[in-house]
Every structure is written in structure tokens, then in C-alpha cells.
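What follows is a pair of complexes built around subunit A, which joins subunit B in one and subunit C in the other.
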Partner chain A sequence: MRPGKLLLTGAHRGAILVYVVFALFPLFWLLKVSVTPNDLLYSEGVRMWPSRTTFEHFDFVIAHSAFPTFFKNSLIVSGATAIVVTILASLSGYALSRFSFKAKYWIVALMLITQMFPLVMLVAPIFRMLSPLGLTNSLTGLVIVYSAFNVPFATFLMQSFFDGIPKDLEEAAMIDGATQFVAFRQIILPLTLPGIAATLGFVFTAAWSELLFALMLISGNDAATFPVGLLTFVSKFSVDFGQMMAAGVLALIPACLFFLLIQRYLVQGLTAGAVKG
Partner chain B sequence: MASIDIESVRKSYGPFPVLHGVDLTIKDGEFIVLVGPSGCGKSTLLRMIAGLEEVTSGEIRISGNRVNDLAPKDRDIAMVFQSYALYPHMSVADNMSYSLRLRKTAKEKIASAVGAAATKLGLDPLLERRPKALSGGQRQRVAMGRAIVRQPKAFLFDEPLSNLDARLREQMRAEIKKLHADLKATSIYVTHDQIEAMTLADRIVAMHGGIVQQVGSPLELYDTPANLFVAGFIGSPGMNFLEGRYVVSAEGDGKGASEGAGIRLSDGTVVPVARRTDIQPDAAVTLGIRPEHVVISDTGMLEASVDLVEPTGFGIILHLSLHGLPFKIFTLDRDALSAGPKVRVDFPRKYLHVFDEKGDRAD
Partner chain C sequence: MMHQSMKQNRPPLRKRIADASEPYLYSAPALILIVAVMLVPLVVGISYAFRDIQLLNPFSGGFIGLDHFRALSQDDAFFGALRNTLWWTGASVFFQFTFGLILALLLDKPFYGRGLVQALVFLPWAVPSFLAGLNWAWLFNPVIGPLPHWLYALGLLDEPHNILSDPHLAMWGPIVANVWWGIPFFAITLLAALQAIPRDLYEAASIDGAGPVQRFMSITLPFLAPTIAITVLLRTVWISNFADLIVVMTNGGPADRTQIVASYIFTQAFKRLDFGYASAIALVLLVLLLVYSMLIVLLRQTMLNKG
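So, the complex of A and B:
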């Protein structure tokens, strides 16, 4: 390698490294505070790692707080939302990608409009709608609200994945004897697995970290999700940083596991070899 | 196996007409080749027969049954796409057997049908591979295999060989011809390639601007093109055209006054032609002659200047200017390589084509 090129490669790697450090530093800080004993939290100044570490915060959060309930609720809400949204979005995304129909333009416009309003504006009307139906203070209500908010974006996401799959494939399947739906299920869906994984992951994390509606629609600990639960560590006079961070670290685990699970679909280019390469 | 009837079929995309009334009767077992310039509606016609596009008006019948409103799956035809459209998540064997599996064919039957097709196409060692692990030529074969495993009523091909290199194309062309001789299935084949059209077709359908220009055997289209479009489209290098006026006089070529008809070119030269009955004297006409029919001779009646000499190996293409217009000659005579700045040419009368003002053939 020529020295100029070497320098360029070095600079490139360096830039990536700086970015990664920048992005991961808050997570590191989360971890650091979660293992710092309370008495050292303010007394040691700014240090990269406390002189003594402890797991007492984790112990407290798991054994003596309502956190496991929050955790379970969040898992149910996020999982259900992700599945519901992905199913709806693959069907609607496929329709937008493959069919031309009269109201298509207006449906797309309408979906874009729903994305334009700040969510805060919608809290009161949604509360008014859900409360007579008995859907406030319930996980089902949250799943419905989250699904409604995520379907438009997920639809566009799925549409772009379907757009990337040549139309020839399902036409070939239809000539081979499949109906359009069978062609969709047996030929197109398997090829869209990366898109489905991306949509699942995107919606799951969005629902997992949603605070505003969870806070407004849920009162009491029974149906609270974990972002709401985190607020219980904030009392009138102090914030229990250690326990809060420990809960935060625990909350990262399912999201990490989830992405580990789907990452092989995210990186796989399944359509390779479909048409002339 | 089936006949296909296409009756005043039209197609518009919204307000844009693409096909303006196509009529075509395809006999059982016939091999039809559709040719025409890009955008003339060949693929559209093929896809309408397959059921992938709706018919705006007119009727398509397969074995005498109207299929306008049948879904592709109910028409029992097979299609080979230009892109091959192999299912990337299935092995070669699964790609080929998909249509049979959809029809709930018995396992043993599927295995024997796939086996037979694979042997015919030399795909036996590749059956377990995925399409992405195949070369272009192998993918092409799999696409063919997928079409032949079930015996469909008809085969449709949309430029199936255009993604292959020249050598492979030649080889596959021969294989398709053999396959057709073997299966005797009704086939419709779209291509841009002159040689494919000439060698494969029982009949060629030449299309232009959504209208069928001529239907006939390859040699019919070559020898007696119905109009200027077909004359210019079939054959490579393409036919030469010269503008002139049809004259009937005693001058003739001096060999017989009874045949005293000719075309007077812009410089006054009269090129003798056989007498035509369907044009009036002094009408504006176009004279056509294929490059391979022009004769170079020292006593030729026209003089042309040589612009370019192109040896193709097989023969030589001379690019000339005749009255300032481009004009081509194709000859096997190696002496043409050293042609001077000027050559004299003659037009043998039996190879001349005359087209009237509207561009239609005049006989």
C-alpha cells in the first residue's frame, strides 16, 4: 500500500472508532453507575470506573421492586405490537408495492399526514376514545395505540423491501400455477425475511422505549411498562441513580437479545441469484 | 399442446394505446417468433397471452376457449423470462418442480418429470444447487427446465437468450430448436436477434408501433417484405433504399422494350425494374436492394464513393455514398478489401424491391 492510501485508511478507521466511542459512551456510563455503590456516587469525582463495585442495585431491582412486572408488561406490549404491526405492514406494503388502485395516492398521503403531528397533541383525544372502551390502564390499549402509530412507517419500510424484489418472480409463480396470495406467501415473503426482521426490530424498540402514552394511559404499577417504571426511582427529593441505572441495564438485555436473534436476516442478501447476476 | 387465436386484441395503458388491434392465428405445434423494435408491444402481447396483463378489447383463445378472464394459473401455459426469474430460496430441483407441487402431483411423478427434464438439459449434477451458485447459461437452462417439466399447452419466451454471450446463445438456440422438434409444443418467442428469428421460426410476426406489419415464413419476410418497415428491419446489414420515380418508357435497359419500366433516381439514372401493375407512372417510389445483392462491376451503371471498408471475417461490408446517401454492400469477394475510392455497382433486376409512396410493396 502506498503511504497516502495507508494514511487514508488510518483516518477512516480512526473516524469510525471515534464515532463508535461517542455512541457507546452513554451505555458505558449507564453500566458504570449501575455498579457504583451509593456512598461512592458523589464522593469520588468524575472517574471512569469506581474504586469498588457492587451488585446491590441489581439485587434490589430484581428482588425488591416492581421491576419484574414492568419488564414482563413491556415484553408483552412490545412483542405484541411488533408482531401485529409487522403482519399489517407486510400486507399493506405489498399492496402499495404491487397493486395500482384508485385511492392509492390518498392512502399514502393520509398515512404521511398521520406522521406529521406531534404525539403530545393526540394524548387527550386518544385518552377520551380509549377510556369508555375500558382500554385505559390496559396492555391491550397500549398495543392498539402503538400499532396505530407504527403501521404507517412500517408500511413504507416494508414497501421498500417489496419494491426491491423483482416482479418477475411472482409472475413466474403465478404462471407456474400459484394464486397471487400463494405467490406472496411462498415466494415473496421468504425473500423479505430481512425486511421483516428490520421491521420487527424497529417496532419492537420503538414500543419498548415509548414513555409518553404509557405514562398517560396507565396508572398504577400493574400495567405499567418499564419506561414508566423507571420513573418510580425518581422521588420528590432525590433520584436513586444506582437502582435506575441497574434497571436500565436490565432493560437493554431483551433488545440486545432480539437483535442478536434477527441480525442474521438483517445482513443476508437473500435475493441474490433471483434474476441475472 | 394447443392452438392460440388472437382476435382484434387491443391494449391501452390508461389513455395510451400500445397495441392497435392484433389478429393472429397460431396453429397447434407452431413456433412463432415476434420481432420488432423496442417498445412496439411484443412483451405486452406475450404477457396478455400469459394472463399477466389485462386485455383492453378483443379476444384471446387457447384451444378454442376464451381465456381473457382466466388467471395465469388456469391457462396452463409456461413462460421463460428474460431475467429467468428463478426462485432464489429454492434449489434447482425445487425450482423445476414448483409448478407440479402446486398441482399436488404425486412425489414419484414429480421426481421422474424433474429427472427427465434435467437429463434433457444437462442439469443432473446441479439439482441441489441454489440459483445464485449457477452461471448465466445454467440459470437459463433451469428456466427452460421449469417450463418443460409439466407439459403445458404452450411455451412463451420473452427474449430468453439476450443475457447470454454470443457463443452460448448460438448453442442454446440450437437446443431450443431441438427441444421444439422433440416436444412439438406451440411456442411464441420474442427476440431482437435476427438470426434467432430466422432460424427458429415457423412463422415470423413483424410488429411496429403496436401493429402487425407482416406474418410469414422467415424467407417470405426476407424475400418479399410487405412494406418498408419489414424490408428495413429484417436482414443485417439492412436493406438499402433509394428514392425515385416510377417510369414506363421505351428506354428500358435496352434488352427488351416490352419490359421498359424503371425507377428514375435523382441524378436521372434509370434503374430498370420489372413492370409493376399497382403503381401509376411517375409516382414517387422507394427502391430497395439488400447489400448482399448489389453487384460490383466495372461496367456498373451507378458510381459510388467508398467511405469505409469493414471486414467481418465471413465477408466484407462496404459503406458507400450514392448520390450523397449512405449505401451498403455485403460481399464475400476479398478483392473488395482493396476497393478504390470509387466503385461502380449494378442492381440485378430480380433482387429489386419497389415500395409505393405509402411504403407498401408494389408488385
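So, the complex of A and C:
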């Protein structure tokens, strides 16, 4: 290699390293606080790693708090939301990708506008709507609300994935006598599996971290999701940061696992869409 | 379903109706959900802006016309929040976009371990926003976080104090957290757009003697322009509505220096329980964002027409 090229490669790897450190350092700090014993929390507050580590915070959170319930509720809500949204968004994304019809621009405009208003504005009306239906303080209510919030962006995402698949495929199937829906289900959907994985992951992480509506629609521990649960650490135990961070670390695990699995499909799927659009 | 016995060449009526309604059937479930859970509450929420809605006050609920908007036009805290929103949104989008674009360009080059690096640098996106806020608040606290000491060592701070309680610097705290959290979004979408650019264009340009800067300006940027326009639009709208980090890290303080419109709405609704006034502010924000979006869409349209 020529020295100029070597220098360039070095700069490239160096810049990458800076990004990796910047992305991971706050997560490292979270982990560090969660294993620091309470008596060292402040005295060794700025050390890179405490002189003693402990798992007592994790122990407490798993064995003596309502955290496992929160965790289970969050898994149910986020999983159900991800599945519902992905099914609805596949259908509507397919409609936007394959058909040209009169209301198309209105649908796109409607979905864009939903991205624009402060969701805080909806808290009181939604509460009043769901309350007589018995859907406040229930996981089902949360799934419905989160599904509606995530469908517009997921539709655009799925549309871009469908745009990447040539139309000839289902046209050939339809000449052979299949209806468009059969062609969609049996030919197009299997080809969009990476896109479906990406949408599932995207919605799962979004629902996993939602706090505002979880806080407003749910009262009581039985149906609380983990973001609300984290806040109870603030009030109940006069901000026990070690326990809170331990709960935070545990809560990060599913979201991060999901995200690690799907992030490359996200780039792949969007690339395919961009080729055509 | 099909009437094979029909004599005309035109498809039978039932089939034509079925064909015409097909896209609506696909989009109906999503639309019904959006209309029921977002649009209807939005209309109700807008009506609150013209009513006196205070939780815990049983005598409220009456129609008061434009009173909220009159109060709003004299509310200095609101105009301060509007200025802060511009600053917060502008700086966040600018840095997220710039660092996101650089990251996308770095990841576009093949290298050993790229898959792993990509997974790691995109990870902040998966962190729940309020947890990110809490964690960054720790990092900025001189007793338990290293950042003030590093900034002091670099000569950026006179003493290692908490910038979140410094009126002149406080806004930088949430902005840094937001940049950390939002870089992956830009990097993912821009990387996807970059990988869709045909490689032979670059080869042809190199043969014609174009340098790296020239290639970037005349191939990469024009190809990215539509993606840039739409992602910047979406992010700007999201970030101006995004109060989580500010509520968690500074709660609008010190002295309202980090209060943005979105967090001000939050304060009005959940601290003062004045949903009417909160809805009026939210409506103003919505109108501003709509106007902004239309300008961007027009700009994009003229750009596409030129290209």
C-alpha cells in the first residue's frame, strides 16, 4: 500500500473507533453504575470501574421487586404491538406500493400528518374514549394505542420494501390464475421477510420504550410496563440509582437483542426500495 | 367470484367493483385504526383548545372561544419556549444529520468487521429515550459522571460543574443526548440510500479524472438529496415534538432556559392539569409544523422537477 492510502485507511478506522466509543460509552456507564455497591456510588462516582463490584442490585430487582411483572407486561405489549402493526402495515404498504388509486395521496397525507402533532394532545381524549370500553388499565388498550401510533411509519417502511420487489413476479402468478391477494401472500410476502423482520424490530423497540401513554392509561402495578416500573424506583425507594440502573440494564437486553438482529435487514430493505424509487 | 358467462369484453361489473375496491380493502384496517385512535382524538383535542378543560375542576368544560389563544399571545414563557424549540431542533437535526452522514459514508466502505461495527454504532437507537436521558444526566453530573471533568481538562469549562444547571449551557445537555440517540436513524437511512447508488458511476467519474470531492459533490449528493429532504423533514417534526429527554434531564430549567414548546405543553397538561391551554399550545405547534412541512415538500418537488 502507498503511504497516502495507508494514512487514509488509518483515518477511516480511527473515525470508526470514535463512533463506536461514543455509541457505547453511555451504555458502559449504565452497566458500571448497576454493579457499583451503594457505599461506593458517590465516593468512586467518577472512577472508570469501581474497586468492588456487586450483583446485589440485580438480585434485588429480580427477586424482591415487581420488575419481573413489568418485564412480562412489556414483552406482551411490545410483542403484540409489533405483530399487529406489521400485519396492518404490510397490507397498507402493499396497497400504496402496487395500486394507483384516487385516495392514495389523501392516505399518505393523513399518515404524514399523524407524525406531526404532539401526542400529548391525545392523552385526555384517548383516556375518555377507552375508559368506558374498559380498556384503560389494560394491556389490550395499550396495544391498540401503540399500534395506531406506529402504523403510519411502518406503512412507509413496508412500502419502501415492496417497492424493491419487481412487479413482474405477481403479474406472472396472476396470469396463471392466482388472485392478487394470493400472489401477495404466497410470492411477495416471503420475499419481503427481511423487511418484515425490520418492521417487527422497529415497532418492538418503539413500543418497548413508550412512557407517556403507559403512564397515563395504566394505574397500579399489575398492568404497568417497565418504563413506568422504572419510575416507581424513583418514588418508592427514594431514587435508588443502583437498582434503577440494574433494572435499566435488564430492560435494555430484549430491545438491544431485537435491534441487533434486525438492523442489517433495515439497511438491506431500504436499499432495495431506493433502487427503484 | 368471476362470471365466466358474461358476453361483453369489458370485465363484469362485479369484477370491476372488486378491482376498484381492492386497494381500499388492503389499507382499510390500518386506516380504521388511525382514524379511530388518532384522528378522532385529535379532533376532540382541538376542540379542547377552545374550551376550559381543567382536570380536578368539575366546573370547567365550558366553551370559551379564543380566550386561550389571547392568553397565549401574551405568554412570554411560550415565546421563550418557541425560541428554545428552534434552537433545540435546529442544533439536534444539524448534528444528527452531519454525524449520521459521516457515519453512513464510513460504513459504506467495505472493511473487516463491518457488520459488527454497524450493529454497535446503531445500538443507541434501541435505548428507551427516558433511560437515555437519565443516563446522560448522570454523565453530566460532576459527582457521579466523568464528562464535566473531561471538559474541564480540555479547557472547555472553568471548573467541573454540571452544565445542566448552568443557564447558558444547559440546552447542550439534552442536545448531546439527542444527537447520541438520533445519529443511527440518519446513518441507517442514508447508508441505505448510499448503497443504492450504482457503483459504475463512480468508476466512470474516476476515469474522467474527477477527484473524491468532485465525485461526492456531483454524484453522491444529488443521489442522496431526495432521501436527505424526507429524513430531515421527518426528524425536524419529530424532534420539535420530542420532550422526553428535556423532561427527564432538566425539566425545562434552569429558569426555563431549556423549556421547549413540547415540554411546555407537558408542563401545562400534567403539572397544572390545564388541558385546554395545553391543547391550544399544541394546536399552534401543529400549525407551525404543517406550514414548515409544506414548504419542505414544495422545495423537494421543485428540486425533483429540476433534476
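Definition applied: the second predicted complex is superposed on the first by the 252 of 277 C-alpha atoms of A that agree within 3 Å, B and C clash if a C-alpha of one lies under 4 Å from a C-alpha of the other, contacts with A are read in each partner's own complex, and residues count from 1 in each chain.
Methods note: a contact is a pair of C-beta atoms (placed from the backbone, for glycine too) under 8 Å apart; a residue touches a chain by one contact, two chains touch by 3 or more.
What you are looking at is a predicted structure, and each value in this text was computed from that prediction instead of being measured.
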Looking at the overlay, what does A:Ala66 touch: subunit B (first), subunit C (second), both, or neither? neither
Once the structures are superposed on A, label A:Phe149 by its partner contacts, choosing first (subunit B), second (subunit C), both or neither. second
For subunit A, which side has the bigger count of touched residues, subunit B or subunit C? C
Which of the two partners, first being subunit B and second being subunit C, lies in contact with A:Gly177: first, second, both, or neither? first
Identify the partner contact of A:Leu169: answer first if only subunit B is touched, second if only subunit C is, both if each is, neither if none is. first
Does the superposition put A:His12 against subunit B (first), subunit C (second), both, or neither? second
Please indicate which partner A:Val108 is in contact with in the superposed arrangement: first for subunit B, second for subunit C, both, or neither. neither
Following superposition on chain A, which residues of subunit A contact subunit B and also contact subunit C? 270-271, 273-275
In their shared complex, at which residues does subunit C touch subunit A? 20, 22-24, 26-27, 29-31, 33-34, 36-42, 44-46, 48, 53, 55, 102-103, 106-107, 109, 111, 115, 117-132, 134-136, 138-139, 142-146, 149, 180, 183, 188-189, 191-193, 195-196, 227, 234, 237-238, 241, 243-244, 262, 265-266, 269, 275, 278-279, 282-283, 285-286, 289-290, 293
Residues of subunit B defined as touching subunit A within the complex: 50-52, 71-73, 77-79, 81, 83-89, 98-99, 102-103, 130-134, 136, 139, 146, 163
If we count contacts the way the header does, which residues on subunit A are in touch with subunit C in the complex? 12-13, 15-16, 19-20, 22-24, 26-27, 29-30, 33, 41-42, 45-46, 48, 87-89, 91-92, 94-96, 98-99, 101, 103-104, 107, 110-126, 128-129, 144-145, 147-149, 151-152, 155, 180, 205, 208-209, 211, 227, 230, 241, 244-245, 248, 251-252, 255-256, 258-260, 263-264, 266-271, 273-275
Can you list the residues on subunit A that touch subunit B in the complex? 166, 168-169, 171-179, 182, 187, 190-191, 270-277
